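Remarks on the structure that follows.
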Amino acid sequence: MIRDLLVQGVQMALVLILAPLLTGFVRKVKARLLRRQGASVVQPYRDLLRLLRKEAVVAENASWLFRTAPYLIFAATWVAAALVPTFATGLKFSWTADLIAIIALLASARFFLALAGMDIGTSFGGIGSSREVMIASLAEPAMIMIVFVLALVAGATQLSTIAEFMLSPEVGLRVSLGLALIALIIVAIAENGRIPVDNPATHLELTMVHEAMVLEYSGRHLAMIEFAAALKLLLYASLIACVFVPWGLAPAGAGIAALALGLVAYVAKLAGIGFLLAIFETSIAKMRVFRVPEFLGGALMLGLLGTLLLFVSRSL
Amino acid sequence: MDGLIFDIAHLLAGGLVLVSFMMLYQDRLYALLNVYALHALVLALSVAWQAFAQDAPHLYVTALIALVFKAIIIPVALHRMIARLGIHREIETVVGIGPTMLAGMGLVALSMVVMLRVTAAADPMAREDLAFALAVVLLGLLMMVTRRNAVSQVVGFMSLENGLVLAATGARGMPLVVEISVAFSILIALIVIGIMLFRIRERFDTVDVHALDRFRGERR
Amino acid sequence: MISVAVLLSGVAVLLAAAVAAIALKHSPSVTRVIYGATLIVSLAIAATALHHLVSAAAAPSLIALPLGLPWVGAHFRLDALSSFFLFVVGSGSAASSLYGLGHGLHEKAPRRVLPFFPAFLAGMMLVILADDAFTFLLSWEFMSLASWALVMAHHHDRDNARAGYVYLVMASFGTLALILAFGLLAGAGGGYDFASIRAAEHTPHLDALVLALVLLGAGSKAGLVPLHVWLPLAHPAAPSHVSALMSGVMTKVAVYGFVRLIFDLLGEPTWWAGMIVLILGGITSVLGVLYALMQHDLKRLLAYHTVENIGIIFIGLGLALAFQANGMNWAAALALTAALFHVFNHALFKSLLFFGAGAVLAATGERDMERLGGLIHRMPYTSIAFLVGCVAISALPPLNGFVSEWLTFQAILQSPELPQWGLKIMVPAVGAMLALSAALAAACFVKAFGITFLGRARSSAAETAEEVDRFSLAAMFAFAGLCLLAGILPGFVIDGLAPVTQSLVTGRMPVQTEIPWFSIVPIAESRSSYNGLLVFVFIAISATLAVLAIHRFASHAVRRAPAWDCGWPDPSPETQYTAASFAQPIRRVYATYAFRAKETVEMPAPGDRRPAQLVVRLQDLVWDYLYEPIAGVVGLAAGRLNELQFLTIRRYLGLVFLALVSLLTVIALWT
Amino acid sequence: MSGLSFDQVQAILFIPLAAAALLGFIVNYRLGARINVLACLLTLLVALSLFVTGAPPVGAYFLIDELNIVFIALNTFVGFTTAVFSASYIGHELAIGRLTPTYLRFYHAMYQLLLFAMNLALVANNVGLMWVAIEIATLTTVIMVGLYRSHEALEAAWKYFILGSVGIALALFGTILFYMAAQPVVGEGLDAMTWTVLIARVAEFDGALINVAFIFLLLGYGTKVGLAPVHAWLPDAHAEGPTPSSAVLSGLLLNVALYAVLRFKMLMAANPEAIAPGPLMITMGLVSLIFAAFMLYRRRDIKRMFAYSSIEHMGIITFAFGMGGPVANFAGLLHMVMHSLTKSAIFFAVGHIAQAKGTQKIADIRGLTESHPWLGWGLVIGVVAISGLPPLGIFMSEFLVVTSTFAQEPLLAIPLVIGLLVAFGALMLRLNSLAFGAPRGNSAPVKASYVPMYAHLSLVLIAGVYLPAPLVSWFQHIAALLG
């Protein structure tokens, strides 16, 4: 019992600790790929600490929603991230939320973020919010279709169960899973506001989505939002790792050694995913906002196709 | 004797249909009225014959009404009215005389077909009478429908009514025949008076029914 | 016997209240008296229904009165299904009455509202209690009529008059369809009481016709696309607490009608019935939310959104039919539970949102979102309640909307075990539609809340708005609280629904309240589970932790400053994003196909001083291609036939003549 | 006992006749109106006493059975309420000078004569006598329709007169044919026209002959019922006559003519060789229903609109009787009673509305529920009732008609339902503008008698929810009689 709680606690702390590191790592790799020196991988930690220490400048007509939203967003994202198996499955509270609920938790976070963007009543806030919900309106169904594929393959929406199933030999190679993986990557890119959907580094007004929403934030509020963004990136990376490269995951009730092994494997997987992400981002240009629906619509179609193909392959 | 009675009744009823055709053929009002008087005369004869044949003296009253009222009073009254009101002497027909006659033929055929199906158990005289009466009724209605002039419509109605009387008298022992013929005479009188009234009130230029329609409550 | 008698006497009190409202119309306290009475009666009815639902001895309670159709009588019955719906109706009515206690004082034409409000409640309750076809339809149409009168309360507004007209015609259409359905079900024998309908054998081709007619009848009342057109016109036109009832509760009565007829009376379903309902539900949910997104009128947006939720409910019902047809009773129970749970949820949050919209309307006199904004400052409590409603309706955890959608998804995931290919393929596609509509719903309510309550005021009315009265707030917070409760403790609701599913599809979900930590598990824990309570607690703890930690160890200083806005702040509220501009990206992506949206920019020539204009034209294809042609045909026929009013006497005689000759010909040829 | 009963029948006929004669000499309008009401009340009481004493034995000329006692009760009741309404209506017309006492000289006498004629038609055991009575009724109403002596009124009366005369002629021909059919079987003379004799022996009649007879009777009396396509007199006569006469026309005269059709339908049904009368009646009923439903849309005159609504409902009733069977016949009877009560209530409302607003044009009347709440809501309830919405009585009859049709002939239910819906759409469209919206035109209160209107409407409301068991079993009995 205590041990279960402990493992769960470790997981919660782990995602918190690793999230900025992953962001820093991606930035570092990107910089190196561009033949820049780049900031240190721990730069995000420094940024967060700096922001936390500063006083928050809040617009005059900001409401209570503006000030509470960052904490809610952070909390929802953190809870979601903590529920994804990272180094071990069968966590104490893993049954609290299945994959659909995790996605919905992220949606809650986005809901408040979009509202916060509109609170001050500026045109940039509105532009960001409206684009964000438009993108989400496609990304979420695409994600649900991915969940369908996984759930139909594994017979469950519980991530631990899915991961365990993926480890078992009966999975085999399936076209549907490949389609789901591609779709998941597309969704992950869109959800995290990475190139080519959004550019986390831009402040060019007409192209930004996420940054436009958080334009008015500063100080600790901004820190919370940035932290949540980093957690979200980590969450998606963990999700891909846990579902598609589940090797090394410690099963429920595993010993310390297995846990340690899982931890190492997890960090390695994250590094790999971060590296691939950086390569992908440097090799591609940002697309126009209204190309994004087509991009995400592709993901939705892939997910649906994956589901349908599953029936074909099952009945054969 | 029976054969002769039947033949004469048949002849008179057939004559009534024939006169109905003659009315359809007329295109001048005075002539129409004259033919109508003939129609009424034939009816009176027919009714009288029925009274004799059925030995029903009360039918003589009906025959008398037909003779006096329909063959004399009404035509004369209409004559004078036409003269006084200066109505067009021509009858405006909706379809030509020819097609009307054709339609009339069709109607007579129809009434024969309809009536002769009646089982032979029925009194043959009544059967023939009914067939002719139906033809007269339909021809009268056809006349009302194909004539624009109110006077000729009234004449059409009156010939229709003659058909009814023919049928009623043909029906052996039918009660209330006299009463009905009186009631109808009153009805016709009212219609004629109505036409006069409309004229006298000088609200309508002619008694053409067209003029009435101009005063419809709900105009397009 | 006892409980249904109690409920009927409650309904009688409501009807008496309607009469009293007419009698007391000059009394100054009539508003308080009537709403107070309806509040008490509704609460009592809801409590009785709940008691019947949860009490173990849930044997149906029957009563027959010598009213209604002479040789049938008026039968009333309280079983699990009706007690659940009666609870929904009762609680919705209670909240609405509570709201009316305060909101009703703003009413400009109370005499046109007060008599009909209790009558409307009584009508809805009678529909649910009715146990024979005649009583059912009588109450059904009475309910429509009473709500029509309420829609016509503000009859000076031309739009309302039109709304009332369209509403009543559609309602009558639906009733006629239901009459036909009952005619089919009862058969030539004329056994109009439900017991004999249930006992009768039904042939399959009859099933199809009954299904079609019930979809027309109940679907038109519920607002299934393409029969939804009256709904967004009529619901907003009524006074707000009535809108809440119409949207939140009356549509549920329609769902009840569907469930009662199809699940209960028709008996064993066929799989394609499920498929049809499923497809209709999917289309309805997506189109409904897209319609809603395009609206700038707050109440109309909510009304359109009702269409979406009805779609979700029908998806659940369709799934239940499909599973039941294949003997998968446990899955059917899951799907039916999901649908009924959503019925309950939607009643809660849609009423809540309409209450909020009514509060905004009362405070500002505006329904147009383009003239609102910044109300979070002026109406803090309303905005909190409204926000809860928005989160709940957007199906976000940890509130209740998510639970029912999650259950629906879980039901969808059982589809591989269905044998029919059509269903196998259609169910995931409908799942995608459901996901799409859920995501769009979130977008829709970001817009609704963001434009109305956030930002800066767009009109002086919004700038000077005042918080509404305590009764209105009490009603809103009561339902907001229920939304949260149902969201974090869904197991109780699911268990409460078990008798209903047991009676309809002879299956039930596993007992939830015995699972530790109040988790819900539809099938097995390894497959899927959700725990709203823990999610709520975790979020609360983590947020609190973050706040405490940051305020303790880092900074808690706040400085107020002008908005940054990338260095270009503009004090004019016009520079804000509007409702239309917020919806623009979504309009571009979806509405181009769904509504043939066209944007045209009118750019005046240089030197011309007119402002440039962006005109957006949306076509409602359903209206244009379904209802306009029908209206056209009726108009054409009326125009053509109308010439028969203007014939001459001669021509009329001609008609008589023709009729006579043709009948004689028929006789001549016939025999 | 029998002597007493026979007196009742005589009284039903004698009271109106005597009152008519008396009223012919009374110049004073107020006195006339009072005597009129009183005479109607007396007749009503006598008619109601029939329920207590039971049906008297059948006579050669007069007959009281389960079927016509309904009609008689309805006739005398609506006659009485209309007389009450008429008193206040005509009073107002005199006050504003639209009518002068000269015009009204024989109004009340005519009213009583009309009631007499209708009662006579109902109690007649002789088809010839029935025909005579209906002709008298027609002539009387022609004069009442022409009461205002405006162009429109005279034209309407003229149209009614001509079309009615042709109809009457056709009906007479049909009657003669029936006599001809009966004569070989029953023998010559009165017996061959006595209904009770006919119904007993009709099975032996010549089927082909009574087929033709029925066509003439259906068209002839159908003209009076107002069935399309022989309806043409009806809208104008309703629109242009004084409103009490419209109420009596719609509420009573149409029923009386329908009663005549029903009597012959019963005869037809009893003859094995004759064609079933059902299809003919169903066709005419449906044609009337659908035709009138569409005609409702383009109406600009409020009274003419409700006249078309009468055609529509007569269509439904004829349809129901044509369908036959216990349920449909029951529904037809119920519908007929409900329609009479509702439609006359509507005409009561409309009459006062037209007086209040000074116009019958729909476009000029608006917002009645606001300017004249009692009249406006009365109209709303009336129209709601007439369009078949619950909880009013017509809903029940329409429910029964539709369901029984659907059970017997599903395909026929479709045009029926379409017709109902189209008519509903039209009525509601007009109701919307009449009763709601900002009031237009004169808003001055009007002196009106609301009692008849609301009395009718409450009866209709009660019937919609609760029909007393004796009434039901009685109606069921008649329905069985009708076959």
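As written, the chains take the letters A, B, C and D, and residue 1 is the first residue of each chain.
As a working rule, a residue touches a chain if its C-beta (ideal position, glycine included) is under 8 Å from a C-beta of that chain, and two chains touch if they have at least 3 such contacts.
Owing to the predicted nature of the structure, the values given are computational and were not obtained by experimental measurement.
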Mutual neighbours - chains that touch chain B and chain C alike: D
Reference chain A; chain at largest CA-centroid distance: B
Centre-most chain [mean C-alpha coordinates]: C
Pair with more cross-chain C-beta pairs in contact, given A-C and C-D: A-C
Chain A-chain C separation of Cα centroids, rounded to whole Å: 35
Separation of mean Cα positions, chain D and chain C [Å, integer]: 44
Computed distance of Cα centres, chain D from chain A, in Å: 78
Distance from the mean Cα position of chain B to that of chain A, given in whole angstrom: 99
Touching two or more other chains - residue numbers and ranges from chain D: 158-159, 162, 166, 170, 208, 212
Multi-chain contact sites of chain C, meaning residues that touch two or more partners: 645, 649, 653, 656, 660, 664, 667, 671
Residues within chain A bordering two or more other chains: none
Overall pattern in which the protein chains touch one another (line/ring/star/complete/other): other
Chains that touch, pairwise: A-C, B-C, B-D, C-D
Chain A contact footprint on chain C (complex, rising order): 373-374, 376-377, 380, 387, 391, 394-397, 402, 406, 409-410, 412-413, 416, 424-425, 428-429, 431-432, 434-436, 438-440, 442-443, 445-447, 449-451, 454-456, 519, 521, 525-531, 534-535, 538-543, 546-547, 550, 554-566, 569-570, 573, 575-577, 581-586, 588-589
Contact set on chain D toward chain C in their complex: 158-159, 162-163, 166-167, 170, 207-208, 211-212, 215-216, 218-219, 223, 229-230, 232-233, 235, 275, 280, 291, 294-298, 327, 367, 369, 384, 387-391, 395-396, 399-400, 402-408, 410, 413, 417, 420-422, 424-426, 428-429, 432-433, 436-438, 464-467, 469, 472, 476
Of all residues in chain B, those that touch chain C in their complex: 94, 107, 110-111, 113-114, 117, 138, 141-142, 144-145, 147-148, 153, 209-210, 212-213, 216, 218-220
In the complex with chain B, residue positions of chain D that touch it: 128-129, 132, 135, 139, 151-152, 154-156, 158-159, 161-162, 165-166, 168-170, 172-173, 176-177, 179-181, 183-184, 187-190, 192-193, 206, 208-209, 212, 236, 239-240, 300-301, 304
Chain A residues touching chain C - in the complex, by the definition given at the top: 52-61, 63-65, 67, 71-72, 74-76, 78-79, 93, 95-98, 100-101, 104-105, 107-108, 110-111, 114-115, 118-127, 129-131, 133-134, 136-141, 143-145, 147-148, 151-152, 155-158, 161, 203, 205, 215-216, 219-220, 223-224, 289-290, 293, 300, 303-304, 307-308, 310-311, 314
